[in-house]
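Below, subunit A partners subunit B and then partners subunit C, in two separate complexes.
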Partner chain A sequence: CHSPASLAPRRIMPVRWSRYNPSYLEPEAKKESYQKPLEELTEEEREQMELKAVRPIKAAPPSLSSSVFSDPMISKFTNMMMKSGNKVLARSLMSQTLELIKRKQVEKYHKAPEKEKETIECNPYVIFHQALKNCQPIIGLSSITRGGKTYQVPVPLTDNRRRFLAMKWLITECREHKHRRTMMPEKLSQELLLAFNNEGPVIKRKHVLHKMAEANRAYAHFRWW
Partner chain B sequence: QLDRGCALHTAARDGLSSVSSQDIPAERPRAVFHTSESDPAKHTEQHEGRLYNIPLEEVKAVFPHGLPHGFQQQIQTFNEARVMVRKPALELLTYLKSSNFAHPAVRYVIYGERGTGKTMTLCHVVHYCSRQGWLVVHIPDAHLWVKNCKELLQSSYNKERLDQPLQASVWLKNFKTSNERFLQEIKTQKKYMWGKQESTEEGRPLREVVEQGLARVRSASDAVGVVLREIKQQSHRGSFRLLVAVDGVNALWGRTTLRKEDKSPVSPEELTLVHNLRKMVMNDWSGGAIVTTLSQTGSLFKPSSAYTPQELLGREGFDALDPFVPIPVSNYSPREFESCYGYYLERRWLQHEKAHTEDGKAELQFLSGSNPRQLDRLAGPL
Partner chain C sequence: MAAPAYPPWVTRWVSGQWRNKKRPPALRPPRTLALADKVANRREQATEATCITEMSVMMACWKQNDFNDAPCAEEIRMFYDCVAKAEKERKNQNEDTLSSRGNLPSSKVNKLLKRFPQITRYV
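For the complex of A and B:
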């Protein structure tokens, strides 16, 4: 990124909080977008390609990967699990969790009789996404102060907020309410499998929130947005 | 075995949610990387790159303590034990088949970079020898005898040496499980005194020595020494063939992390177990073979880039083991990689949708560099 005055020397290292000039474009990491032949591109995509030839491009963030196996939800969850910037540890915990889920399910699959084999889900990514979806609350509570008293008012939640709450509840549940000596992958895999089957403490917490919102239905008119 | 592979193939195509939209052509048989030949004596070059099955009861009998931890977890998960037949193992098997047992025992040293399959090659050879009815003395990891020992007793036999009762008793228990019938047949040739009152007479079966070692843990290391001595002396008679399989043989000639009570460091020759094992690995006996593996992973005070015999054994170890037959083990060839990848797909270990595609396969090959251990670690979360 370059400073506004053209006479000032160009910085080699970007400074924190410095903003890119609006003319900079986002980097594109997916291989498929570069392998499409010219004829298949729509009008907007052709314009985008011509723009990319002239405009400068922002530096790629370290978490952007062109691997076919990368998943944005998993990266988000890993970042939330990270403590004091130790991404290596967080990522290894995440991969151990996925491996543990898969190991448990594949063992169950190979020991099950033929009829039940189709009901057992072995893909850890499918289990992770479904468990998160099951944990997401539909409605939330927000505190509004009227006449000196604070009321808990039921309020709709955005998609981002729901995803964040589901991930946060899973991680806090594993960190706080389990035995001190159990490893994180073990605790997380247990919680994810329970949430996948709509059981477990995280689903209970979601139901408690829904009940509180239902109980406070009378205050819903306090909401003005 | 082939039918079973095909049956799973159709079941996988009919059923499940995790199958990708990529169409698998019906002509390509998925079971081409399996082989139904479960006797290592009959493995030849045409079986190279294929996986053969070891029945689970045989695994418990032959390998009470030899298999790597990752492989044991895999057996637990897939409910079967499949080992790949690779070139170094086939080479070793041909040498063993054509060796003259009247000559002194030949020493084979399996070496290679980290994670290339040295321990699995050793296990393949051990399986062959136990199928052929040899007596197998298998030390799963010699590094465990030179580090992290909680109890060190002064040996009653020789004042300067130190005993390791825990390690010796664990090894004796596993040795008993794998070689039951030999312990009954081999008789002692001398009277042995265990302390002031207990003794084993001449002509008693070796099983009594082993039981003495297990019952009186203090004399377990001496029991190990007696067992090894008896076996070595009687192997030239020809009533049984002896295989000495040591994993991590470079531990015998390095340094230890153990300390005596006055905090002075212990060198390997002061340990009874290591002293007796060194005598077994010498080529002054006949009627068998010695197959060893070098290992950097558990080694002490060696740089992580060292993998050749010269670097890992040091001068002392190299002189002691010289002359030996070196057997290098390298990463997977393209055919072996295909075979391993196909096996993981068939056993439903690779679950990610993209892992079934050509792109995913190319990415796995690139990231792992065809190294077996790296491929295993990468395929874990996928």
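For the complex of A and C:
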């Protein structure tokens, strides 16, 4: 069957809904779990191993990796930066960002006096994680309609939602509020370093959200969960 | 059934015809005097919002410390604990047992009653 001639891209292997049979198990990527000797395993792990010998296993997705350098948060961030499925570009931008962070920090390290050298963090992964943690909002606002009027009610957020918001704010900030001709790694490294030190526009946006939640705390009783 | 048909001796007895004290019928039930197999639909009261005290404590701390997160770490941790606990409660709670206030919603009551109806006649 052909898709309408001009616009729709034609797949090589056409796919409809694909869902694994529920008996398929998830693939295990971590090398440490295969290197444990038999005696160290607990009861449940032994049962799990026996189950794996009998049941079929799902195909590993391309984003699953067993390398020591793979980090789930960084993969998530790269996916969010990706546009139109260009994972190559997104990944190169991410690695350039991390390299830039490292360069800036090492430069700072060499220029700093002896006493301050220990306080400067050079590991870009640590900086990335800490910056994300600093950007995560603690409480969110949700619109609840009561008696025809919509109120902004302060609401606790799940972990996933907070991580998503932090990453989304960082990326939007870099894409929209910077000069047109700066490269993305440069903008991102700048934002991440500012967020690492609890400064910068993303942290300000988080504070604005907290202030609004604090102003609307009287409406917190409109929640029913 | 608008006016349920009781056997005639019931009507005669209730009206006092046998005691020479006829009076207008004392009871005029519009429907059958028997329990139905369902309960009226009642709008369930909304459960209260959880973790409000923790949230207000955290916000007071924020106001004092100019919305920095570092000095308020303890309050924030308590808020997260409370939220996690409430979430777990909600997950475990939705079964066919009583809710936290001791009520069953009318839909569940109707389901139970339908499984065990009132037996009106024996075959």
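Operating definition for what follows: the second predicted complex is superposed on the first by the 208 of 225 C-alpha atoms of A that agree within 3 Å, B and C clash if a C-alpha of one lies under 4 Å from a C-alpha of the other, contacts with A are read in each partner's own complex, and residues count from 1 in each chain.
Rule of thumb we're sticking to: contacts are C-beta pairs under 8 Å (C-beta built on N, C-alpha and C of every residue); 3 or more make two chains touch, one makes a residue touch a chain.
Worth saying up front: this structure is predicted, and the values here are computed from it rather than measured.
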item: Contacts of A:Y24 with subunit B and subunit C, given as first, second, both or neither; value: neither
item: Contacts of A:P156 with subunit B and subunit C, given as first, second, both or neither; value: second
item: Contacts of A:I139 with subunit B and subunit C, given as first, second, both or neither; value: second
item: Touching partner for A:K117 - first (subunit B), second (subunit C), both, neither; value: first
item: First, second, both or neither for A:S67, with subunit B first and subunit C second; value: first
item: Shared subunit A contacts, counted only where both subunit B and subunit C touch the same residue; value: none
item: Residues on subunit A engaged by subunit B in the complex (per definition of touch); value: 31, 67-69, 94-96, 98-99, 102-103, 106-107, 109-111, 114, 117-118, 121-126
item: Interface residues, subunit C side, partner subunit A - complex; value: 46-52, 55-56, 58-59, 62-63, 67-70, 76, 79, 83, 86, 90
item: Complex contact set, residues of subunit B against subunit A; value: 11, 15-18, 73, 76-79, 347-349, 351-355, 357, 359-360, 363, 380-382
item: Partner subunit C, residues of subunit A touching it in the complex; value: 134, 138-139, 154, 156, 198, 207, 210-211, 213-214, 217, 220-225
